[in-house]
Amino acid sequence: MKYNTNNTSVRLLISCHDQPGIVSAVSTFLHQYKANIVQSDQYSTDPSGGMFFMRIEFEMLDPEFDIKMIRTAFTEIGRSFDMDWRIELASRKKKMAIFVSKEDHCLLELLWRWRAGEIDVDIPLVISNHPDLKDQVESYGIPFIHIPVTKATKQQAEQEAIQKLHEHSIDFIVLARYMQILSPDFVGTFPKRIINIHHSFLPAFIGANPYAKAFERGVKLIGATAHYVTDDLDEGPIIEQDVLRVNHRYTTEKLRVAGRNVERIALARAVAWHINDQIIVHGNKTVVF
Amino acid sequence: MKYNTNNTSVRLLISCHDQPGIVSAVSTFLHQYKANIVQSDQYSTDPSGGMFFMRIEFEMLDPEFDIKMIRTAFTEIGRSFDMDWRIELASRKKKMAIFVSKEDHCLLELLWRWRAGEIDVDIPLVISNHPDLKDQVESYGIPFIHIPVTKATKQQAEQEAIQKLHEHSIDFIVLARYMQILSPDFVGTFPKRIINIHHSFLPAFIGANPYAKAFERGVKLIGATAHYVTDDLDEGPIIEQDVLRVNHRYTTEKLRVAGRNVERIALARAVAWHINDQIIVHGNKTVVF
Amino acid sequence: MKYNTNNTSVRLLISCHDQPGIVSAVSTFLHQYKANIVQSDQYSTDPSGGMFFMRIEFEMLDPEFDIKMIRTAFTEIGRSFDMDWRIELASRKKKMAIFVSKEDHCLLELLWRWRAGEIDVDIPLVISNHPDLKDQVESYGIPFIHIPVTKATKQQAEQEAIQKLHEHSIDFIVLARYMQILSPDFVGTFPKRIINIHHSFLPAFIGANPYAKAFERGVKLIGATAHYVTDDLDEGPIIEQDVLRVNHRYTTEKLRVAGRNVERIALARAVAWHINDQIIVHGNKTVVF
Amino acid sequence: MKYNTNNTSVRLLISCHDQPGIVSAVSTFLHQYKANIVQSDQYSTDPSGGMFFMRIEFEMLDPEFDIKMIRTAFTEIGRSFDMDWRIELASRKKKMAIFVSKEDHCLLELLWRWRAGEIDVDIPLVISNHPDLKDQVESYGIPFIHIPVTKATKQQAEQEAIQKLHEHSIDFIVLARYMQILSPDFVGTFPKRIINIHHSFLPAFIGANPYAKAFERGVKLIGATAHYVTDDLDEGPIIEQDVLRVNHRYTTEKLRVAGRNVERIALARAVAWHINDQIIVHGNKTVVF
C-alpha cells in the first residue's frame, strides 16, 4: 500500500473564520498554479460567524514546481482571510520519534506498519526510560536511546530527550504507552505534535489504572483514546477512539490484554492521520478529514 | 420470533460462594425431577473462595409438573449451599411498567418489539409526568397514566405511582428517558427491578446534558448505558452499553439525534435480558448469561 | 433534529471526467452568486483521466434568490466540463413512496424517523400487496393503497402503482421489505430512484431466504444491504451495509429477528442520505458524501 | 496475561444426541473425582432429538491427579451416552505449525501474541513455500523451513511438510495467508486441525482476489473469515468473522491494506479459541464456547 506520495502531491490545510469567497480564492489560486485537486474536504461550523476548515490534496502538473514558491505565493491569500494555514509536500517524510516504557504492543504495531509501508514516515529514534525494548527496536534498524527518569533527574532527562529530538529534526512524537507525565516545558516545545494513547474511553477513567477502574465499574465495553498531549493530563484534543465488547468473565488482567488490541489500532489510526496531514486542531477538538 | 416459552420451560438462577459439588447437586436434582437441560451457563470468579453464578434453562418432561413443588424441593439445596436462587417459569409473563417524559424513541422501540413478539412481556401501564405521549401509548391498547411531578408534589406523585404499580402487580419498571430522579424510597420499593437508560457511555458524562458535554469534549464515539437504578445517580449496575461513531460535523443536536438510536438499541437489549432472566446482579455489577 | 433546510440552503452534485479547473470554476461561480459554502466534499478516482465527484452545500446570502436562475446560469459550466450535475433546494421536500408487504419493522422505522423530524421528506402514500399494515400506516395520517399482486395481474398491478406514483409526483421509492420483484419496465420508470433493503450482507446470500442460508452456512455475523434497484436482482449499487454478531445459539428464526434491527438501521441511513442528496451513483457503485 | 493453565486445570468437551441425565452424570462424575467446575457452557439445538454440546473447565483439587486415569474413568459415561468427547489438560501446550507465503501480517500477529503470552502454545516450526520471511521467523527463535511448491512438486512438497509436522508432533496448523491449496490427502491428515484465514466475509467473494471483487462490487464493509479447512475450498466450518467499514475512497490496494487488520484480528481470535479448546465442530458449523 502506498499513500499518495508522488513528488508532485501537495496538501493544503486551512482554518479561519468563515467568510464569503474563501473556496473561490483558494481554488482559483490552485488553478493558476496548475494544480489538480484530487480530494478536498471542507466544513464550516456555521456559515455566519463560524469557523471554516479545509483540507485539499492536489497534484502539481509541472513536476519541477517549487513548494517554497507556492507557499510564498499563498501567503497573500492566507493574510487576506486571516487564515491559519500550511502547505505540505506529501513526499516529504515526517520524522517521528516514539517514546516507550516496557510494554511493546503499541510500539510494534507502529514499527510493523512502518516496515509494511502503511505509514509513510521516518523513525530516526526510539526513546525509553527503560532498557527492555532495546533489542526489538534495533532489530528494525532504528536507534534506541535509553534515558532513565527518576524524580530527581526528570528535568535533566527531558532536556536530554529534547536535545536528541532536535538533533534528529523530529517533527512529532508518539507516546506508545510511555508511562511518564511530561512537563509543561516539554509539551510546550512540541505543541500539537505529541500523540498519546490513553487506555480508556476518555473522559471515562482519567488517570492511572483505567482497566482496574473499568473492572470495578463493571463496564460492558472498554476503550482506548488517542489524543494530542496538552498540559492537562488526559484532557488534550481527541483524535480517535475505539472500543471492544467485554463481559463479566474479564478480570482486570484480561481487560488489559484485550485492551492492548484497541490501543494499538486506535493509536495507529491517529498516527496515520497525523502523518497524512488529515488533522486540524481547533481549540480542544480535532477536525479529521 | 418466539422465545422459549413452552409451559414446561423453566429457568433456574443461582449465585453463591463457590464450593465443591454445586453443579452435581443441582443437575442431579433436575434429573430426578425429569428436567431436560436446554442451556446452561456457569461462571466462577475464583474456584477457591470466589463467587459462583449459574443459569440453567430446562424443560420439564411432565407437562403437568408443579412449579411451586419444584421450588419447595429445591429449597434444601439452596439452603445447604447458602444460595441466592430463583426458579422462574418462562411462560409466566412478567409485568413491565414503562415511565416516560416527552421523548418517544425508547418507548416506541419497546412497544414495537412487544407487539412484534420480540419481548415476551405484559405492559399493564405507561406512566408519565407529561401528557404528550398519551395518544401513542393508547394506540397500542395500553393504559397511559399521567402523574405530573413538581418539586412540591414529588413525594405524593411517587406514592401515587407506587400504588398504581402495586395495583397492577408490576414486576419491573423501565425508565425510557424518564427525566425525573426517583427518591430512595421509590428505588427501595423495587430493588434491582428498575432499568434506566443513560444517554452516555458511563462513567463518562454522568448527570445532565451528556450530549452537550460530549460535544464540548470532542469525543469520536457517543454511547448509551442501560443500568439498574440504585440510590447513587448513574452509578447502578451496568447491564449493557453500546456506542456509535461520530465526527466533527456533529453538533450537540446531531449527537442527540444519532444517540437516540444507540439508546433504544441498548435499552431494548437490556430489557430483553431482564425478561428472559438472563441477568444476575452481584454487588454493583451484572453477570449476563 | 433539523437538517439544514433553510430556504436558502442549496446542494450541488457533480460527476464528470476529471480535468483541471473544475473546482475553481464552480467555486468562482458560487462566489459570484453570493453563495456561502457550508460544506464540500470532493473525490477523484484518478486526477489524470479518472472520474471527478463533488457535493457542495451552500447558503445563498440573498434570501430572495431564484433557484431556477441559478440552474440556468450553471448550465454553461456544466456543459463546458461535460458534467452530470444537479442543483437541489434543501428546503424542497422530496416525495417518498414506501412499498411494503407484511413485515412492518422497516416501515415503522421510517415512519418514526419521519414523525421525529429526523428525515425531512413527504410521504404521500404507502403501497402494499397485502392489506395487513393499513391501520398502522393510516394512524400516521398517510394514505395506504392496497394493490394485490398475482402472477396474472402483476403487469396491471405495476401499472396501477406507477399511475398512483405519478399522481403524487413521487420522487423516489423505498422497498421496505416489499416481497415482490419489480419488472424492468417499472425499474426503468424510476432509475436510481428505488431503494431496496436486502436482508443479507450482499453479495453473500443473494436471492430468497438469506437467513436460512446464513444459518446453514454457520456465519458469525449477519448483515443487511441497502441498494438502488436495477434490473439485476440484488446486484444494484450498494448504498449502505451493516452487520450484527451472532453465534451458534441463533436459529434461523432468531437470525431473522436479530436481522430486523440491522435491516431497519441500514435502510434508514440509506434513505436519509438519499433525501439529503448525499449519494452520487456512478456505474454500479455509489459515492456517499 | 495468563490463561488458566494451572497444572490442575482441565477441559472437557462433549457433543452427542441430547437425552436426559447427561449433565447430571457428568457433574456427578466430576464431583466424585474432586473436580471443581470453574466455568461451564452447554447448549442443545433441541432438547428432544437435537444435539447436545458442552464445555466444562474444572480444577482438580488433588494436585497429584492423573489425567489418563480420568480419561479412562470417563470412558464409560462417554460410551453410555454415545458421546464424542475429549478431556484436555490446560497446561499441556499444543504444538502449532504456521504456514506462510510472503505476506507477514498474520504471521507476525501470531508471533507477537505468542511472545506476549497471550496465546499459550508451542510453535516448533514455520513452513513456507517462499524464503522471504526466514529472518523474521528466526528472530523469534523459531525454525523456518522453506519447502518450495511447483505444480510438478506439489505432492512431494506436501509429503515433506507432513513428515516435518509429524517429526514435531504438531497438533494443528494455521494457514497465515498461505497461498497454496492443500490436497485432500493433506487435509485428511489433519482433520479439523487446519485453520485458514480467508480475506473476505465468506460466503461473499469465494476464491481468489476477494479485495478486487469487493472493489468491483462496491461494498461498504470488507471482512475476513477464519475457518477450518476441508476439501471444499472456502467452505469449511466458520470459526470467526469480522468486518471493517470502507467507502468509495478505497482502491483495491487500500482495501487490501485495511483488510490486513481484520484478517489478523479474526485469525488471532480463532487460533486462541482453538488453543483453549473452546471450539466444537459439528457438521459444517462450529460451536464456540
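A, B, C and D label the chains in the order they appear, each numbered from 1.
Going forward, a contact is a pair of C-beta atoms (placed from the backbone, for glycine too) under 8 Å apart; a residue touches a chain by one contact, two chains touch by 3 or more.
Remember, predicted model here, so these are calculated numbers, not experimental data.
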{"item": "Taking each chain's C-alpha mean as its centre, the one farthest from chain D", "value": "C"}
{"item": "Whole-Å gap separating chain A and chain C, where each centre is the average of the chain's CA atoms", "value": "36"}
{"item": "Length of the line joining the C-alpha centres of chain A and chain B, rounded to whole Å", "value": "42"}
{"item": "Residue list for chain D, restricted to those that touch at least two other chains", "value": "39, 43, 249"}
{"item": "Chain-level touch network, classified as line, ring, star, complete or other", "value": "complete"}
{"item": "Of chain D, residues touching chain C in the complex", "value": "43, 53, 201-205, 217-221, 223, 237-243, 247-249, 284-288"}
{"item": "Footprint of chain D on chain B - complex, ascending", "value": "18, 20-24, 26-28, 30-31, 34, 36-44, 47-48, 59, 61"}
{"item": "Of chain B, residues touching chain C in the complex", "value": "1-2, 39, 104-105, 108, 112, 116, 118, 139, 249, 253-254, 256-257, 260-261, 265"}
